[in-house]
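In the two complexes that follow, chain A is the common piece, with chain B as its partner first and chain C second.
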Partner chain A sequence: MSKVLTALWLAFLFSLPLWMDNQYVLHVLVVTGIFIVAAISLNLLLGYAGQLSLGHVAFFGIGAYTSSLASLGFSIHFTADTVLAMEPKPVWIGLLAALLASGACGWLIGRLSFKVRGAYFVIVSISFAEVVRLVAVNWVELTQGPMALNNIPPLTLWLPLLGEHVFWKKPANYWLVLSVAVVCYVIVRRLVWSRAGRAMVALRENEPLATSVGIDVTRYLVLATVVSAAMAGVAGALYAHYIRIVDPDVFLFIYTVTMVIMVVTGGKGTLAGPVVGGLIFGLLPETLRAFEIKPEVQWIIYGVLMVLVVFFLSEGIVPAVTQWWQRRRAAGAAMAKAEP
Partner chain B sequence: MLGGTYALLGIGLTLIFGIMRVVNFTHGELYAFGAYMMYMLVMLTGANFYVSLVLAVALGVALGAAVEFLLLRKLRGADIDTTMLVMIGAWIALQNAEQLTWSGVARSIDSPFPTSPLVIGSVSVAWGRVFVFCVATSLIAATYALINHTKLGKAMRATFQDRETAALMGIQIGSIHTATFALGSGLAAAGGALLGPVFVVYPTMGDLVNAKAFAIVILGGLGSIPGATIGGFILALSEELGAGYISSGYRDAMGFVLIILILIFKPTGLFAQKERVG
Partner chain C sequence: MSGRVLLSVRELSIHFGGLAAIEDLSLEVAEGEVLALIGPNGAGKTSAFNAITGYLAPSGGEINFGGTRLNGLKPHQVAALGLVRTFQKTSVFGGRSVLQNILIGLHLRSKQTPLAILLGLPSIAREEAKLEAEAREILAFAGLGARADELGSALPYGEQRLLGIAIALAAKPKLLLLDEPVSGMNPVETDSFMAKLAEIRALGITILLVEHDMKMVMGVSDRIVCLSQGLVIANGTPAQIRRDPGVIRAYLGERYARVAEAQDRA
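Moving on, here comes the complex of A and B:
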C-alpha cells in the first residue's frame, strides 16, 4: 500500500512540468527543491546525530564556488612566476569536485570540532562559515569577491534518448533537482536504517552509554558530517548552475537559519520532516509576497514561527501528524471492536 | 578602546551562559538596540548625550528582562539546543523589527567631544575613544563589584555553582535568571550605546558583534568572567595586529581563527574553571 502511494507521489512530482507550464511556479519549485536537498543534509547532522550545525551554509557555498570555478576555470598568482591555472572543465566534473571539496571540508571540520560538543560545536560551525565568507569576499583573484562569479555555464549531460542535453530550461532543471532530492532522500534513508544510523541515534540519545557499548562516537559523527557536507555541496553546485551567478552572499547566516527552520518545523530526526518543512518555507515567502508584505516582516514571521514551533510543536509537524493519525486509527479500531 | 567594549560584551554573554546555560543569540541585537536608542534620544529628541547613555542602558536592561520573562522563563530546565533555537528565532525577529523601524540606512550620532585628539607624547587618541574606554572599564569594575560584593552577586555565584543546591538554600532562581539576563543585556546595550557614536549605527551591526562576543567567551572559557575580560582585550589586540600585518579585509576573521585555534589546542578556553559533571 505505502509502496503504491510512494510511486503515485513520485509519478505526480515527475509529471508536473508536463501539464503545468507556469514558469514562475516551476522556478519556485526548483529553488525549493535545492533547499530541500540542503535541509535533508542538515537533518542528518541535526536530527540523527544530534549536532546543531549553524555553519551548514558554508558547505553549500563551498559546493557552489567549487563547481562554478571548476567549470569557469581560474588562475591564481602566488608570486610573479608561479601560477596555478585551470582550464574550464565540463560541468559534471564541477559537480563532482563540489561533492569532494565539501566532503573534505566536512571531514576537516568534523575532525577538529568533535573534540567539543553542544554550544562549542555550534559556535565553531558559525565561525567556520563566517571565515569562509570573509575569504570569498576578500580573495578577489579567485572568487571575484563581491563582484560575483558570472556566466556560470548550465549543466550539460549526455542522456540516453536525448544525447547531449543542456539544462537551460526550467522543466529540465526541475527534473534534475527532483532526481537529486530523491537520491539524497534514499541515501539518508539507507544510512539511517543501517548500523551507522543506529549508532548515530544511540549517541544522540546517550553518549556515555553509546561509548560504553563500544561505539566509536567521533568516527560516526565525522561520517555524518562528511555525508551531510557533501550533500549540501551538491545542493550548492546545483544552485550555482541554475541561478548562474554566485556571490559571497550565499554564505549569509540567514540561509543556515532557513535550513534549520525547515528541519525543526518539519520534524528533526524524521525522514519526511525536512521535505515537509522545506516545502512550507520554500513556498511561504512566495505566498506572503502575494500579500505584498515587506521582507523584514517576512523574517519577523519566520522568527516568531520558530519560537512558536519550539513552544507548541517541539517535535515538529511530521511527528505531530503521525501521532494524531495513529491515535485516530487506534480510536477507530477500538470503535470497530466495540460496535458488534 | 575596543578591548574595553569587547570585554563588556563578553562579560554579559558569559554571565548569561554561566548562570542560565543559555547561548544568547540576541546579544548582538541588544547591542544594536543600545546604539539605536542613543540615536533616537540624541539625534531625534535632542537629549543630552550623557543622559541618553544612561537611558539607553536602562532600556536595554528592560528589554533584556522582557525577553527573559516572555521566552526563557517557560523553558527553564529545557535542554540547551531548545533554548538556542528559541533565541535564534527571537534574534531574527528583533533584528528585522529594527530594520523595519529604522530602515537599513546607516545612521551616525553626534558626540559632544572635541574633534582635536588627545596627544600624549607621540601617541594621539580621539577624545571619544578615551571616553568609551573609561566608561567601559568602570562598567566592568562595577560588574565585578556587583558579582563579588553584593547579596545578589552572591546568589548569582551560588546559582552558577549548583542550581539545585542554590534553590534549596532559598534563592529565587527565577528572579536570579531575570536579573542575570537583564544585567547581561544592559552590558550589551551599553557597548552599543558607547560604540554607536564612534562608528555608525545600522540594523545588522549586531551580527558581527554576536560572533565576536562568542569568540571572546570561548577564548576565556564559557562562564568565566575574568576570562571574558582578558579575552576581550586579546581579541581587540589580535584584530588590530591582524589588520595591520596581514590584511584589513581579514580583520573580522581574526576572532574566528582564534576560536578555531583555541578549540584545537585548549578546548576548555584559557581560563576555564573546573566544571561539575553529572
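Moving on, here comes the complex of A and C:
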C-alpha cells in the first residue's frame, strides 16, 4: 500500500514538467527543491543528532563556491612568484569537489565540537559560517568578493539515450534536483533506520546513557555532520550551476534560518518533515504573490503562519498529522469492535 | 567469595578541588558474586561508580577489569569491555519506544559499518531483523514484553527503572553496576526486582550495586562493603556487616541493629 503510494507520488513529481509548461512555476520548484535538499541535510543534524547547526548555510555556500571555482578555474598568488592555478574542469568534477570539500568542513566542525554540545555547538557553527563569509567577501583574488563569480557553466552530463546533455533548460534542472533530493532522502532514511541513526538519536535523547552502553557518541556526531555537510554542499553546487552566479550573500544568516524553519515546522526528526516544511515555505511566498498580495502583507502572513504552526503544532506538521491519523484509525478500530 | 577476581580497585582516590570524595578505596569483585556498596549519603559510592566506568577521572589509584587497566578509558570503551552501569536517576531514552530503547542498548552487538548503511546492503536488513528478535527476547526477560511499542517516558516509574536495567543488559555486561536500582520503588516492586536480580545473576552476570534499601541489600548480596566519608569501614558477609559496630554507628543505626538481632533470635 505505502509502496504503491510512494510510486504514484514519485510518478507525479517526475512527470510534472511533461504536462505543466509554466516555466516560472518550474523555476520556483527547482529553487524550492534545492532548499529541500538543504533542509533534509539539516534535519539529520538537528532532528536526529539533536544539534542545532545555525551555520548550516556555510556548507551550502562552500559547496556553491567550490563547484563554481572548479568549473571556472582560478589562479591565486601566494607570493609574487608562487602561483596556484587550476584550469576549468567539467562541472561534474566540481559537484564531486563540492561534496568532498563540504564533507571535509563538516568533519572539521564535528571534530572541533568534540566536547561541545547544545548552545556551544550553535556558537561554533555560527562562527564558522561567519568566518567563511568573511573569507568569501575579502579573498577577492579567488572569489571576486562582492563582484561575484559570474558565468558559471551549467552542468553537463553524459546520459544514456540522450548522450551529452547540458542542463540549460528548467525541466532538465527540475529532474536533476528531484533526483538528488530522492537520493538524499533515501540516504537519510537508511541512516536513521540503522545502528548509526539509533546512536545519533541516543545522543540527542540521553548522552550519558548512550555512552554507558558503548556508543562512541563523538564518532556518530562526526558522521552526522559529515553526511549532513556533504549533502548541503551538493545542494549549494546545484544552486550555483542553476542560478549561474554566486556572491558572498549565499552565506547570509537568513538562509540558515529558512532551513531551520522548514525543518522545525515540517517536523524535526521525521523523514517527511523537511520535505513538507520545505514545500510550504518554499512555495508560500510565490503563491501569495500570485494572488497579488502586497509584499508587506506577504511577510505578515508568513510570520503569522509560522507562529501558528509553532504554537499549535509544536512538534511540527508531520508528527501532528501522523498522530491525528493514528488516533482516527484507533477510533475506527474501536468502533468496529463495538459493533458485533 | 570464590572465583577469580573480575574487578579490582586499588587505592582509588577522587578529589573535587580540596574535597576528598574518596580516599584510598580498595575493593575486589569476584566473578559471579553480588557485591553491595553501602554507606551514608556523601560517602563516595556514586563517585566510585563514576570513576570505575570512566565518567570521572580518578585523582589516584588503579582500576583493573579482567586484566585490562581502565584508568583513562572513556565510558564507551569501558562498556565495550563488558562493564555496564545504570544510573541513580531514571535514565531511559524517553522519546523513543521501549523496543527502540533496547535496540539502542544493542549497539555493541551490531556490526553495521557506515558505508554498508549508506549503500543499503542487504546484510543491514538481515541484521536489523536479528537485532529486533533479540530486543524482544530481552524485553520478555525484563517483563516489559507488552510495553514494546510505548514511549519510554510513558512508562510508570518502576517500569522505567526496569527498562534502564534492560538497556544495560542489552549491552551484554560481564559486570553490571547498579546505582540505587530500587530507590523510589514500592515494597512490591522491590520484591519483584529482587527476584529479577536473581535471574540476572543466573545468567552468569556479576553484580556490583549501590543501594540504601537494607532489606534488598541483605537479601541479595554475597558480600557488602561499607563506605563512610570516603573510607572503607567494613567488608564482609551480610551477617557480619549487620553486627559490625562501626557500620551500626556510621550508617545502620542502633534501632536497625536491635531489630536485626530480634529477627535473628526469632
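Keep in mind that, in the parts below, the second predicted complex is superposed on the first by the 319 of 340 C-alpha atoms of A that agree within 3 Å, B and C clash if a C-alpha of one lies under 4 Å from a C-alpha of the other, contacts with A are read in each partner's own complex, and residues count from 1 in each chain.
Definition applied: a residue touches a chain if its C-beta (ideal position, glycine included) is under 8 Å from a C-beta of that chain, and two chains touch if they have at least 3 such contacts.
Owing to the predicted nature of the structure, the values given are computational and were not obtained by experimental measurement.
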First (chain B), second (chain C), both or neither: which does A:Ser127 touch? first
Is A:Val307 in contact with chain B, with chain C, with both, or with neither (first, second, both, neither)? first
First (chain B), second (chain C), both or neither touched by A:Val257: first
Kindly classify A:Glu296 by the partners it touches after superposition: chain B alone (first), chain C alone (second), both, or neither? first
Now for A:Ser113: first (chain B), second (chain C), both, or neither, which partner does it touch? first
Now for A:Thr322: first (chain B), second (chain C), both, or neither, which partner does it touch? neither
Which residues of chain A touch chain C in the complex? 186-187, 190-191, 193-196, 198-199, 201-202, 204-206, 208-217, 223, 227
Per the touch rule, the chain C residues reaching chain A in their complex are 53, 55, 74-76, 79-80, 84-87, 91-96, 100, 103-105, 107-108, 110, 112, 114, 117-118, 120, 124, 128, 164, 167-168, 170-171
Chain A contact footprint on chain B (complex, rising order): 17, 23, 71, 74, 80-82, 84-86, 88-97, 99-100, 207, 211, 214-215, 218, 222, 247, 249-250, 252-253, 255-257, 259-260, 263-264, 267
Touching residues on chain A, where the partner in the complex is chain B: 52, 112-113, 115-116, 118-120, 122-124, 126-128, 130-131, 134-135, 137-138, 253-254, 257, 260, 264, 294, 296-297, 299-300, 302-307, 310-311, 314
